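Pasting the structures in now, so scroll down.
Common to both upcoming complexes is subunit A, partnered first by subunit B, then by subunit C.
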Partner chain A sequence: MTIECVNPEGLRFNQMKSSSHQTLETRMRPILMKGHERPLTFLRYNRNGDLLFSCAKDHTPTVWFADNGERLGTYRGHSGAVWCCDISRDSSRLITGSADQTAKLWDVKSGKELFTFKFGAPARSVDFSVDDHLAVITTDHFVGTSSAIHVKRIAEDPEDQVGDSVLVLQSPDGKKKINRAVWGPLNQTIVSGGEDAAIRIWDAETGKLLKQSDEEVGHKEAITSLCKAADDSHFLTGSHDKTAKLWDMRTLTLIKTYTTVVPVNAVAMSPLLNHVVLGGGQDASAVTTTDHRAGKFEAKFYDTILQEEIGGVKGHFGPINALAFSPDGKSFSSGGEDGYVRLHHFDSNYFNIKI
Partner chain B sequence: MAIDTIQKTKKLRWGEIDEEEGDYDFLLPPKQMISPDQNGVKKVIEYKFNEEDKKVKITTTTRVQKRALTKQAVERRSWNKFGDAAHEESGSYLTMRSTEDIILERIRAPGSNAEQSTVSGDSMSQLGKPGAVLMVCRLCQKKGDHWTSRCPQKDLLSLMDEPLTAETSTSTITGTGRAAYVPPSMREGADRKAGGSDMRSRHDENSVRVTNLSEDTRGPDLMELFRPFGAVTRCHVAIDQKTSMSRGFGFVSFVSREDAQRAINKLNGYGYDNLILRVEWSTPKPQLDPFSFADYNNLWKDQVRAINQVNIIKFKEMGNKDSKGSSSSTNPKEEIAAVPQPQQSPPQLIRKSQPQQPLPPPSSEMPLLYPCYKKEDYEKMSEETIDMLLATYGIMTVPGDLADKRKFAFETFRWDHKNNHPKA
Partner chain C sequence: MEVVDIDARAAKLGIDWSQVNFDSIQLPPGEDFGIESDDEAVYQDDQSEFDTGFGNIIVVDHLPVVPKEKFEKLEGVVKKIYNQLGVIKENGLWMPVDPDTKMTLGYCFIEFNTPQKGAQTRLFLMVEYFLRVSLNVWGSLQEAQNAKEKSHGYKLDKSHIFAVNMFDDFDRLMNVKEEWEPPQARPYVPGENLQKWLTDEKARDQLVIRSGPDTEVFWNDTRQKAPEPVHKRPYWTESYVQWSPLGTYLVTLHKQGAAVWGGADTFTRLMRYQHSMVKLVDFSPGEKYLVTYHSQEPSNPRDASKVEIKVFDVRTGRMMRDFKGSADEFSIGGPGGVAGASWPVFRWAGGKDDKYFAKLSKNTISVYETETFSLIDKKSMKVDNVVDICWSPTDSILSLFVPEQGGGNQPAKVALVQIPSKVELRQKNLFSVSDCKMYWQSSGEYLAVKVDRYTKTKKSTYSGFELFRIKERDIPIEVLELDNKNDKIIAFAWEPKGHRFAVIHGDQPRPDVSFYSMKTAQNTGRVSKLATLKAKQANALFWSPTGKYIILAGLKGFNGQLEFFNVDELETMATAEHFMATDIEWDPTGRYVATAVTSVHEMENGFTIWSFNGIMLYRILKDHFFQLAWRPRPPSFLTAEKEEEIAKTLKKYSKKYEAEDQDVSLLLSEQDREKRKALKEEWEKWVMQWKSLHEEEKLVRQNLRDGEVSDVEEDEYEAKEVEFEDLIDVTEEIVQES
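Right after this comes the complex of A and B.
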């Protein structure tokens, strides 16, 4: 089925330079979306790639159309910063985790709040299982509670939804936040990474700790972000130690390391090409060196296999906190401390990049 | 008499047109619609009259994309807006296209595209690669050892004779003024041959020097900027190796001198990336290595000394004018006129400063750029520009809408226009 879309504001078109010096740069005219007043925390596309969900420190997650950046709606109900979100496979349910100590289930189409999971601490990360029947939610350390990973059952019918946890996993160091927890292949495992710089693989049924990342090769500082590959065989973690590492999902062996000059806040993997994107940056208040490059905030592209930097996409006025690739790999979006979401559609030169 | 009244024909005679009614649309050419070409670009050309009753041609260019969407995606397109979006009309200000192209900036020139890409217009960088290029010295004809400019025998051998005549003529002019600036190569005892001939390679004859560049300007940017004036053989931007930032100046070499002259005329004073460019000939100073910052610093110091000398003499003469009479009053004018070069401003290295970083030591002579816009300028700026301006000074996410931001920016960057410094 085809639909004709006329780009309302995209009046520019690629002009081939007719001189003998033909540049093969990747040029993009990103779409800027300023729907959030506070820094962005997370971005996620739905499975079909036509919707983009953004979470920010202002309390309203927003959904946009991914082709032209037009805003579809906002989900009102949270009273704290929203840290993470996930969308069900059929794009009917949205789950969000927030600093107001709740995780909420929403109906994507209407914006209606379906259910609230209450915790004793801020909810940091949420992830639906493969069949959307379970969700893993992590909570921070708070007065009286240590950081933990909760598994909740998601009912088909929102009326039947209950708030009980199927499983609760306590983190070994209760004071350190668990920044991301995701489901492993076929929901058999849960992979988590957090402030203590260790990646852990847990058994999803028994809750036993199966593997932990080797301290020597692992991250040296807090892990801020985690991105799964499309086929669940490997995943990428980004950390404040200015590196991102690629791991095997089953054996937790380190496959690749990508180094950069700034702390990494967000990572993403291209589903189409062997590209890895890192986003990060130090806030202006934290800059102590006179290295002028530290002030430029760019999403850096690396070749997955060669571990070499291909280039960077500038534009944000603050550190990049969220990155997401669309499922077809033809566009990506970045969200920054400046509250902007920048949606980039790649031009044809991008797919011909050679190192 | 059965004479039928002449029926009024539809055709209006110009004398009957009622001047008060403004519907002159029949005078306009019809609307043209050009269907999408191979890039998917559709053009609609309309004509209408604007407020001043002038005929205006409006060309709307849109890119029409056919996209395959799943059934569910199509269905989602027709969903109603909810939440905060429920009351907004389509095409609201929240979503907008960036006004400038964003490039995936490559780390280094892609190896396979070296011939095609303009990044490798920086041919001088290839000099550094050992053994990569066959090095032939034009002076001693020795291959593979050194370039012409590094020839150990450049004192004895020389390439061309004609630049020497040009230099000797200028030295006679400048010889008259006591305080005129004399470049090191023209001074007595200077090794003129060494300087003049080597730099007269095919690149430097029509070279222009561009100063006051922004930090992230690179060779390809200059190439793009100067290409409309003519064929460019080389463009280079001086880069600080440690920080990979531009040092604020660069050189562009043209094939023809007229193109270079036109470029100087048009681009000197041109606003580029928030700084005003200075474009001038780079050839008058052949004895300097254009890629050495030390020489530039020394040049600036020479010029300052020269200017100071002129000023001292000027004031002396002015003091003596009353006692000595008119004869001496003409001298300062001669001397000032005889100083050819110091009026050129030095390459200014202006860096966008971030308030948290320590100020650079004063000896490096880098003035700080502080926005000195008037209130009207802020009113004209787009939201993106204001955000960028505030962000370079470490101020993120100003709450409020565009009017609030403008007010905030105006109040933050208070500038005393009379005295030309920031207000306290």
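Right after this comes the complex of A and C.
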């Protein structure tokens, strides 16, 4: 892996002349994990950081050892692309949302399917609440139904599990997908973002729309990804408008904006350092140039506070669709349209980066 | 007329309003059907007068005075003339006769077909217009106007030249005072300083960019490593913008016409030039005149498109001349070729006098002069089969190229013609030529003609150069062939104001680049090769406007490879890449270069500014980036000697600027530090707030988790800033005292 360090002016290609420029070359070999046959869609670590769960357009979510990239097992049962997953705090349960119009609960250890939530439309995103007693699931619009956010109660004992929704929230524009919905602090709110470029905060009890991002400062195009801080205080959104934005989760105040050159498909925040990572690239169908550099399939590191680019990690042959930091912040993984998961353990040079 | 009536009428005629595009209907110029336009700028005051209803009557004066016997004959002649121009109303010609002498009075009235009156609404006006157009009869109002325009000055014979007026103008003409009153001299009001941008204290240059709907003018501030905005406007232009050749004006294009902007501080509109649906504009080199172009696609695809070209005086806004015709008259391409003419149609002679401009059309070169805006000697030059003309950039010398004819029996020819005398200064016949391209050196000293010749088999071509030395006696011509004469020539460029030129030749993807000089050390009259650089990734050449430096660029297909080359020392100063670059433009001083990725493709649109020696200074990304253009500067007032003197004593001057540079860079790093500090403090505030809230909610969270106290995120991992100091190398050096 190469982390190229750039000076504050953001000069990137001028290695020889400028004296203020420094290049940090760290030869860290990423672990290439080839277990999926189709483009990756989502990556998530468990709380301990020893397991990495990956979802892809093939129908089989997979779990890996986060340390050496060894494949541990797969969860078979879906019959469509799997868009999203979440793991309970104690790493016992896995929830997955799929294009086969279901969300499924799994036993992490045995790989056993515990329950299937059936919807009339593809399930786009899933998220467990703080206490793992609730899950928020978003569904796309489909024949006869409009996109919606569903809240389901998750029973302690899978035997008691029922499919009824506690709450259903309709998006103002039912034709636009809700790409991501997550729980706010203390399960009091639900934060959603999607194709209509707006971020909304809903009351998780009443379903009332509490806040909506300002059109002026907010994203201009579809929001593709949303990642929240460990303490639920702030979250980062990535959008096709080639920016990622950092928001306060309680007030929906825009705190930072990170600008890049390609549509953003995936975002992640380092739990350890003040770094955010953006991944993306031209839409696969729009990649026409022969030069692989043209697509800019790089995971780009930014300084969270200064909003300046620190460096980039290349490697994927295609857009990056998923990014995740391990909970200790010492490694991160990326999933690409190329079907690979690349697992990177940072070396000491990374922790020395100063800008 | 009520809308209902209109609908009824339309229905009667079988017109479906949804099929009618009102915007596409253009009223004829000056025609308003008696309805006052609310656009005061377009219509003059005199049109708001009452319509007398005689708009279709003209008065023809200066007819021969004839006796009764000849009356009918004259009437016949007049009728014949005017029937060609419009339909005369029945009994519409009235030639008064002196009741005493029975002689005619030498004038007559002609009334054309009565137009429909009573139009009150714009909608009705459109209905009228639409009907007339669709029925292909245009009202007599226009006929009268047309007849007036066409026959005014018509020579019946030597002593009878028609003077034609509209009947409606009669009152106006009657009121002309007998005595001439001198127009009042208006007090002089000094205009804005149009050259103010040249007095910038930091001697920066401006550039204009267009991205998305916005057009912006910047200072290129390389000290701040950022552009400093001057003026920004969304939808400033409806297609593109262009600087005038000396940089005084910025021209914008609109539906109604073109406008020029400039002035001391911000860009104010200085003048408008009415030309609806203007497509292209061009300035004369001394920026005295603006040429605007509009072409209309023919409704019948077999017809040639209609072209209208107007020449305006830039400062007064007055239209000096307009040219109308079919596209064929303005281009040499055969019918059925591209719609419209190749631009610029009118090519201006070199120099700042703006004296002559020339147009090339089939077998003719028409050279106009700007004093009268008419052809020199009142006739065009006939040159059979001429396909290309090119002015010297400094003198009124025209070079022209005539290809081979008669299957090679008549050789191709390149000739130099002096204007206005039309004397041929020099010509050269060339054999088995497939194509020629003419390149003038910027100070008009040399002309290079790239000649593509057929090989003996006529299956392929090879290239060579004919080099004309214009400023020498008899204009000697030298033939230059490349070392490998089968090489294809990819690009050619003269050094501005210099004696050298660069050629890219050979095969893609790695052609060679050669530099030649028109002088050798011993002999100033011989061309010599300076160097050949082998296998370069280049397909375009960009000389610095001051000469000496050149960028060998691999645009588009070569992914934006740039090589900054010093031709004096014949060494590469830097190589760089602006990935996917599509355009390169030097600033007018030759200090900086802009490379840009325009929206030919969607990725990484924006521009980069480089120093002349290839150091990247800054980069701006803009989505939907369309255009970038440096503001040109007028030529320097310094003499060549003075410039040389300054170059020699540059050290003396540079001290001051170096000190300034350092101050700015210190200030910048200071500002940067402060900005960072502020950002960090702001962030800390957020983090503190988050922490305290998190703490407050601790109990609630615990309850949610059924009493589990494991809020361990904070304890397990701690963000620490660790500083490392690595000793890389220790060298000991013993310095011996001598």
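In this section, the second predicted complex is superposed on the first by the 317 of 355 C-alpha atoms of A that agree within 3 Å, B and C clash if a C-alpha of one lies under 4 Å from a C-alpha of the other, contacts with A are read in each partner's own complex, and residues count from 1 in each chain.
Here, a residue touches a chain if its C-beta (ideal position, glycine included) is under 8 Å from a C-beta of that chain, and two chains touch if they have at least 3 such contacts.
Please read all numbers here as calculations on a predicted model, not as lab measurements.
Enquirer: So, does A:212 touch the first partner subunit B, the second partner subunit C, both, or neither?
Expert: In the superposed model, A:212 contacts neither subunit B nor subunit C.
Enquirer: Looking at subunit A, does subunit C or subunit B touch more of its residues?
Expert: B
Enquirer: Check the residue A:50 against both partner chains and state whether it touches subunit B (first), subunit C (second), both, or neither.
Expert: In the superposition, A:50 contacts subunit B only.
Enquirer: On the A-aligned overlay, A:146 touches which partner chain: subunit B = first, subunit C = second, or both, or neither?
Expert: The answer is neither, since A:146 touches no partner chain.
Enquirer: One more residue to check, A:310. First (subunit B), second (subunit C), both or neither?
Expert: It touches subunit B, and subunit C stays clear.
Enquirer: For A:110, using the defined touch cut-off, is the partner it touches subunit B, subunit C, both, or neither? Pick first, second, both or neither.
Expert: A:110 contacts subunit B only, not subunit C.
Enquirer: When the two structures are overlaid on chain A, which partner does A:161 contact: first (subunit B), second (subunit C), both, or neither?
Expert: After superposing on A, A:161 lies clear of both subunit B and subunit C.
Enquirer: Would you check which partner chain A:328 touches, where first means subunit B only, second means subunit C only, and both and neither mean what they say?
Expert: A:328: touches subunit C, not subunit B.
Enquirer: Going by the contact definition given at the top, which residues of subunit A touch subunit B in one complex and subunit C in the other?
Expert: The overlap between the subunit B and subunit C interfaces on subunit A comprises residues 8-11, 13-14, 291, 293, 296.
Enquirer: Can you list the residues on subunit C that touch subunit A in the complex?
Expert: 225, 559, 574, 576-577, 579-580, 601-604, 615-616, 618-619, 621, 623, 672, 676, 679-680, 683, 686, 690-691, 693-694, 697, 700-701, 704-706, 713, 717, 719, 722, 724
Enquirer: Contact residues on subunit B for subunit A in the complex?
Expert: Contacts found on subunit B: 39-42, 61-74, 76-77, 79, 81-86, 88, 90-92, 94-98, 100-107, 110-113, 116-119, 121, 215-216, 220, 223, 227, 243-245, 351, 354, 356-358, 383-384, 387-388, 390-392, 394, 396-397, 399.
Enquirer: Going by the contact rule set out above, which residues of subunit A touch subunit C in the complex?
Expert: For subunit A paired with subunit C, touching residues are 8-11, 13-14, 17-18, 89, 129-131, 133, 185-187, 229-234, 242, 248, 250, 255, 259, 261-262, 271-274, 282, 286, 289, 291, 293-294, 296, 304-307, 327-329, 348, 351-352.
Enquirer: Hey, which residues of subunit A end up touching subunit B in the complex?
Expert: 1-14, 19, 21-35, 37-39, 48, 50-51, 60, 62, 64-65, 67-76, 90-91, 109-111, 284-285, 287, 290-293, 295-296, 298, 301, 308-315, 317-318, 337-340, 342, 344, 350, 353-355
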